[in-house]
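These are the structures, in structure tokens.
In the two complexes below, chain A is the common chain; its partner is chain B in one and chain C in the other.
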Partner chain A sequence: MTSPTSTLPGAPATPVDAAPAEAGGASLGHRGDAAPVLVAENLTKSYGAVHAVRDVSLACLGGEVHALVGENGAGKSTVAKMLAGAVVPDTGLVRVGGEPLSSGSVRTARRHGVQCAFQELALVPDWTVAENLCLPDGSSLRRFARGRETREAERVLAALDLEHIDPRRPVHEMPLADRQQVEIARAVSGDVKVLILDEASSALTPPGVEWLFARIRELTARGAAVVYVSHRLGEIREIADRGTVLRDGAVVSDFQRGSWTDDELISSMAGRTAARAFPAPPALEHADGPAALEVEGLAGEAIHDVSLTVAPGEILGIGGLQGHGQAELLRSLWGAEPATARTWRVAGKAIRRLDPVRAVHAGIGFVPEDRKREGLALEMGVGENLLAPWTRPHERGGAPRLKREKGWIDEVLGGLSVRTRGAKERSGALSGGNQQKLVFGRWVGRDRRLVLLHDPTRGIDVRAKQELYDAIVALAREGVGVVWFSTEVEELVHVCHRVVVLYRGAVADELQGERLTADAVVGAAVGRRAVA
Partner chain B sequence: MSTVAAPPRPGTDTDGDAQHRLTEALRRVPAAAWPLVVFALLFLIGGIVRPNLLTLEALWSTAAFAMIVAIASSGQTLAVIQGGIDLSVPNTVTLSALTFLSAVDGLGAFGAFVAAIAAGAVVGLVNGTIIAKLSLSPIVTTIAMNGFLFGVVLLTFDFSQLTDIPRFASDITSAKIAFLGTEVAAVVPVGLGLLLALQALLSWTGWGRALFLVGAAPDVARLAGQPVDRIRITAYMLSGALAAFAGIVIVGFYAQTSTGMGAPYLLGSVAAVVVGGASIFGGRGSMIGTLGGALVLGQVATLVAVANLGVNIQQLIYGVIILFVVALYGRRARA
Partner chain C sequence: MSAPAIPLGARLRRSPGLVGLKREGAVAPVLAFVLFFVIYVAINPELLTRFQLQTAANLVAPLALVALAQLLIVLVGGIDISVAAVMSLTNVVFATQLESASPLVAGVLAVAVGMGCGLFNGLLSAYGRLPVIAVTLASSFIFGALATEVLDRPGGAVSEGVTLATSGELAPYVPVALVWVLVAAALLWLLLQKTSLGRHIYGAGSNAEGMRAAGLNDRAAQLTAFVLAGGLVALGAILLAGSTATGDPKSGDPYLLNAIAAVALAGASFTGGRGSVVGTICAAAILGLVGNVLFFAGVDSYWQYVVGSVIIVAVVGIPVVVRRLSARVKGASA
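Let's turn to the complex of A and B:
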């Protein structure tokens, strides 16, 4: 069998010429339709002086899943957006079923059967699920028929096995995972020849990912091509038939199902040999001091009677499926959401009333869920974003402050290997992983006692993850207590001292030592208490 | 995005490269400089139409008018940067001017000055508290406040008795200062000093930077432990106080009062701020830009006056300018 991947970067001119021949060929006969449905030829895109994508060519076959992997900043998202028609390439061409997709408009692309779901949610927050689902064909704008729309949405959701989503609910009220499913549902409910998923699984829970894979398999069985952009190697192993590795905007290698290992792929992405290794949590040496956090009977809107203790230097993992109170727990501990507790002490000091201003004073730090909306002011500079909690009205600000804090800023940027042009660069220009490092970096070297992390490694590349793990462990080694909610079970199992799993807003299980295994965390997350 | 900028490839697409270089060069120009460039162009155009407009005297007279608009817009700039708007500027101006004139007999010029500024600050405090604590829309809150103040002005003050303009007010505004062989109204250096001080406050203090943070991303500011409500309220207070200062300047410069004396500064202040490059959605703006915006509006007013078109046409042109600039920024934001 000829491998279509061999025609990729080495000889970029050929994939389209080869297409008709292969369509007639029986080499992939069991699929019935092996012609490249989607072909990208020599795509190039620059933003200012930065070459985001350089001469990328690839071909996606009907009935197959084509993975696009690379670190953040490697150009995956830009390629995905060009394939979807959302970004106009500087040079190069995208063909769908042999026809050039020239205009660079999402609408035209959609008419050609190219549907997409992006990591940056493209839903209208104030609209209901039903209105959002009907958005692509414009019917919500053309005439108002709420009943018909809701029925239509119900039918679509039921057909896609999403009965738990209420079509009448405004999107902004829903958890991120559900929003992402709605976005995917919107993409797959149309006429799909090509489906582009850009980090579409980043917020999904393991069952959510299973659901997504089931939808993908339905589509490929019908001969559609799927472009799958993800950082999660486990998912790629399971779903991808072929893949392209990007680095610094260019294609560095291709792979096929079963022909690769994690280490190979990571080193290909990083351009160096990198093992996926979790650092071990540091030894608990600070345990004699007062607990970093001691809370008993914490209750709030979605949490009931949660009691936690975190020793100084301890990393406490919070596990569980999304929407079982983890977000509310962290926000309550940060004072961003009202909550009460029988006893509540941070670093030995009793907490009576808490809001984020007091939390900063009490020695707490917080990395919120959504780095773009809650974490960073994207229009502002890297340095000023780092200083966001440390800006006081009566003190200096702006350039004089940056100058005075230069030592600290350089230390944070260097320590976390943030790739940036400097403290004055617009933080919105950084890649996702580097942005996340800024939100985390605020609390480094600032005499914190307790740092709360809401899934900081979601949707960032392998290298950035590794760097964040190291930074979290380094923080703990200094005696800072860490409360870390993660949707990646492996992180919890390997990097945390202890893991508390939440289920329906209460502690379902506390796992430590021998009992701290991935199976136990997942089991407790679905309400099954592991036998000790 | 990889931050290592690859060198531009030589020899390819020279037209595109030249155009690219031009756009890069243009991007480096600080946003606040654009209104000043536009003003310079309008000034030259005025000179072509009427050579006597191309003199220092003409420049100073436009500058005096523009400086008053700029002072009245300085508070508006703060309100817009933190993500709101202050539509109570017009009647805060009137209230302050009349408070100043009424109190000057009892409290002396300085006492009256303080009383008028305090009145403006209280207006801002109420605006800010309602907006921050009750989460009401800034447009609705401040426009209601504007209406309320109009009633207060009509009920409280007896216009027939407020005709004496104290010397203090004219000293800081209409008094002439010799400069380069010409005479400049005192309001120009006074206003320039005020605007530079406010620009320093915005650029170099924690309060100023927090104002931008709150305007650009309120959720981020809140979750980073910034006292968002307090920052908002102080911004509206300062906005009110600055509108009050504008009231004293206006009454000193024009030496007359009326119930509608603040009215031109509703559209005027918003126009100056928007033309000055501030984002109406918050997080962007500067005092220097606002001054440039006011100069553009002042030159437009001069040209309208020279062409004998009347004040109605001037308002119409201001409206068109606002729509044009907002549309322009809207396009750029999407691009």
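Let's turn to the complex of A and C:
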């Protein structure tokens, strides 16, 4: 890699325009030999007394997409990390193309053609996109020429259909969805024999997922194997040729394309019969009181003239593609971002100045985008995190406070079925879904008028999602107005009373009743107003 | 290359150098340095004489090098408390070795000792996974004790030749100390900006987990930063020994807080991953010369610390205030 004209190894050298067309039916890919590209044999991994993965074996064929499904904590991520070389298995072996992969090093794995994109974005925030794309390959004593790397990154991004991403931009300035695409781009632009995607679509919008599928089909058409870890059953139905279901760290069943239904898969994952059913929004019976939120002409840095009304007990969905002002809208309504409005009332009271402290006072609750960074103090206990908005500096805190609030804490933890060892457990030790329930649980039973949710079900397992849906509906039934931004259109369509779709920072369409369909939401999101 | 239609201002704003400075938070300290320099020359035009330039350079050079060392540690997400002790230790090693060895050998030895100290800190921090501040606090006592063991009172054998080579003039109006600093800074800048290893040092402070997940070695980058920092501190200690013509086991003490202050003034992020070599040099120059300016302005020199603090708060604070105001103006006009 010392040659001055070095390129990204294995970056698609041929134009890719032709690939998607012929790769439409990727399931029956072109391969002739049935020798699996990636084989995992009897993988086992324990952390202390916890058996994260027990005796998992699987084989992925070239040209196929192999799904790995299971609830959070079922061991999917650990398996994916062992396949990617990031975690060393206690026992067991990973073979790539028949050769055993001496694991424990992502670098060696990458050299063997095993590329991965992780759920917890493995990008360096202060690096530019170009640096994140180019630096992982090549030795550390190599000359680094910013101009050349930038051009190289530009070429890679263009080849992958990502012209909207500026390679000069530091990653921390970009929206989550773009970051995730950069991470995927880094994985697929390498020399790919095996691609491991661990919840890589969790922040992507429907067109983003389409983009990802197109990339996957290009790779499978070239004979690569893809391991696809996801909670989104719709995606798995579309892309997966085969799959393995994990529960409590062990393989419980396998499936093949077309041979399964959502309900079967869920009950296999959960070990019980469960139906994926969206709860219906509750009847609007509090409509006589003042509106939970009434805002007219809200304007801020990325939103223009947005007017919304939310009745008490109403669930208002916010749809649209990532980066069209949804995040800014919610943050403005929470007072975390400067915004002005012609009229602005929460539960009938006029809002003049708003910051998060005043917002809590006014009866607003907020579940932010990034639960780890904005939502929780990960080093602090479960109970203290639940109490965070409710502790004033002059009040008692710590153990005495937890004791006094025990009733409420237990109610919240029980009501949301948070799986934790108790109020004193470190919240960083909880799984993603349970952490999300903590961020949400703060606002339960606390006399809220309006709760703002930023994609609360992102990257959490099916059961936790189900429980969150029920909790949101229960909250609305108590008369709380809910504003809910989701990247999963199905959620909006089924659980919300009304959906407002944002496009370029303004309301593109408002959908209700008959018109509230997934197609209409997606259509409005891309700027096409559905015909009523 | 670039289209001629773009006005100069816009082209300047998009030039890679300025974008880099901006990204690393160094625009404010560089502007502050220019302003400071103008004020200095206005109060005391004598600065531009050969003698005063030389004394000013000798005053600033050790601080600049120690500040660069501190910057490296801050880039990987730590704060090095032991810079003062490493400086004292390498200072006395250099001064005492001159008694028997040639200046070159003594210099190499001092730098090697400095790098050894860095290696010790780096191994415990990067591979032992211990908090940097605890490691360097502990090691600063060890290195400080070693320094008094080597030489328990000011002394050593710094010859006139050494003094000339470290704090004399290379050519009229070109102080040697300044040349040493600029060479060290240029090499460091090249390493940080133009090699993958340098980018890894930034990455290790920004997101070590992410680097590991991408198959990169964050620990090696962190260790490198520590070793280089040790070498830079030793270089600063050599320049100090030369300009004061003695070795002193307490000579490093004033540099600890000043070096941290310079890195803060340079706009670096103390959580790691952001910071600029150019900004740090400018910041060190400002902090090193505040006392002089006040002296020439006829202000009691006790005020220099107050003025220095005001400068830090102003340079770090003004960009934040400007950003907030512009956001409010934009919000209101939208």
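The rule is simple: the second predicted complex is superposed on the first by the 495 of 532 C-alpha atoms of A that agree within 3 Å, B and C clash if a C-alpha of one lies under 4 Å from a C-alpha of the other, contacts with A are read in each partner's own complex, and residues count from 1 in each chain.
Definition applied: a contact is a pair of C-beta atoms (placed from the backbone, for glycine too) under 8 Å apart; a residue touches a chain by one contact, two chains touch by 3 or more.
None of these values were measured; they are calculated from a predicted model.
**Q** Evaluate whether chain B and chain C can sit on chain A together after superposition, giving fit or clash.
**A** clash
**Q** For A:368 in the superposed arrangement: first (chain B), second (chain C), both or neither?
**A** A:368 sits against chain B, while chain C stays out of touch.
**Q** For A:389, using the defined touch cut-off, is the partner it touches chain B, chain C, both, or neither? Pick first, second, both or neither.
**A** A:389 sits against chain B, while chain C stays out of touch.
**Q** Given the touch rule stated above, what does A:131 touch, chain B (first), chain C (second), both, or neither?
**A** second
**Q** After the superposition on A, what does A:408 contact: first (chain B), second (chain C), both or neither?
**A** Neither chain B nor chain C is touched by A:408.
**Q** For A:442, select first, second, both or neither according to whether it touches chain B, chain C, the two together, or no partner.
**A** first
**Q** After superposition on the shared chain, which partner residues are touched by A:213: those of chain B (first), chain C (second), both, or neither?
**A** In the superposition, A:213 contacts neither chain B nor chain C.
**Q** By the touch definition at the top of the document, which applies to A:278: first (chain B), second (chain C), both, or neither?
**A** The answer is neither, since A:278 touches no partner chain.
**Q** For chain C, which of the listed stretches 133-141, 169-177, 205-213 or 277-285 runs into chain B?
**A** 133-141
**Q** Can you give me the overlap between the chain B contact set and the chain C contact set on chain A?
**A** none
**Q** Name, in rising order, each residue of chain A that touches chain C in their complex.
**A** 85-86, 105-110, 116, 118, 120-127, 131-132, 135-136, 138-147, 168, 170, 186, 299-301, 304, 338-340
**Q** For chain A, which residues are in contact with chain B within the complex?
**A** Within the complex, chain A touches chain B at residues 47-52, 73-74, 248-249, 334, 336, 356-357, 359-360, 366, 368, 373-380, 384, 387-389, 391-401, 419-421, 425, 429-431, 442.
**Q** Where on chain C does chain A make contact in their complex?
**A** For chain C paired with chain A, touching residues are 16, 19, 23, 193-200, 202-203, 205-207, 209-217, 220-221, 269, 273-274, 327-328, 330-332, 334.
**Q** Quick check on the complex: what are the chain B residues that touch chain A?
**A** Answer in residue numbers: 1-6, 8, 24, 203-210, 212-213, 216-217, 219-227, 231, 234, 283-284.
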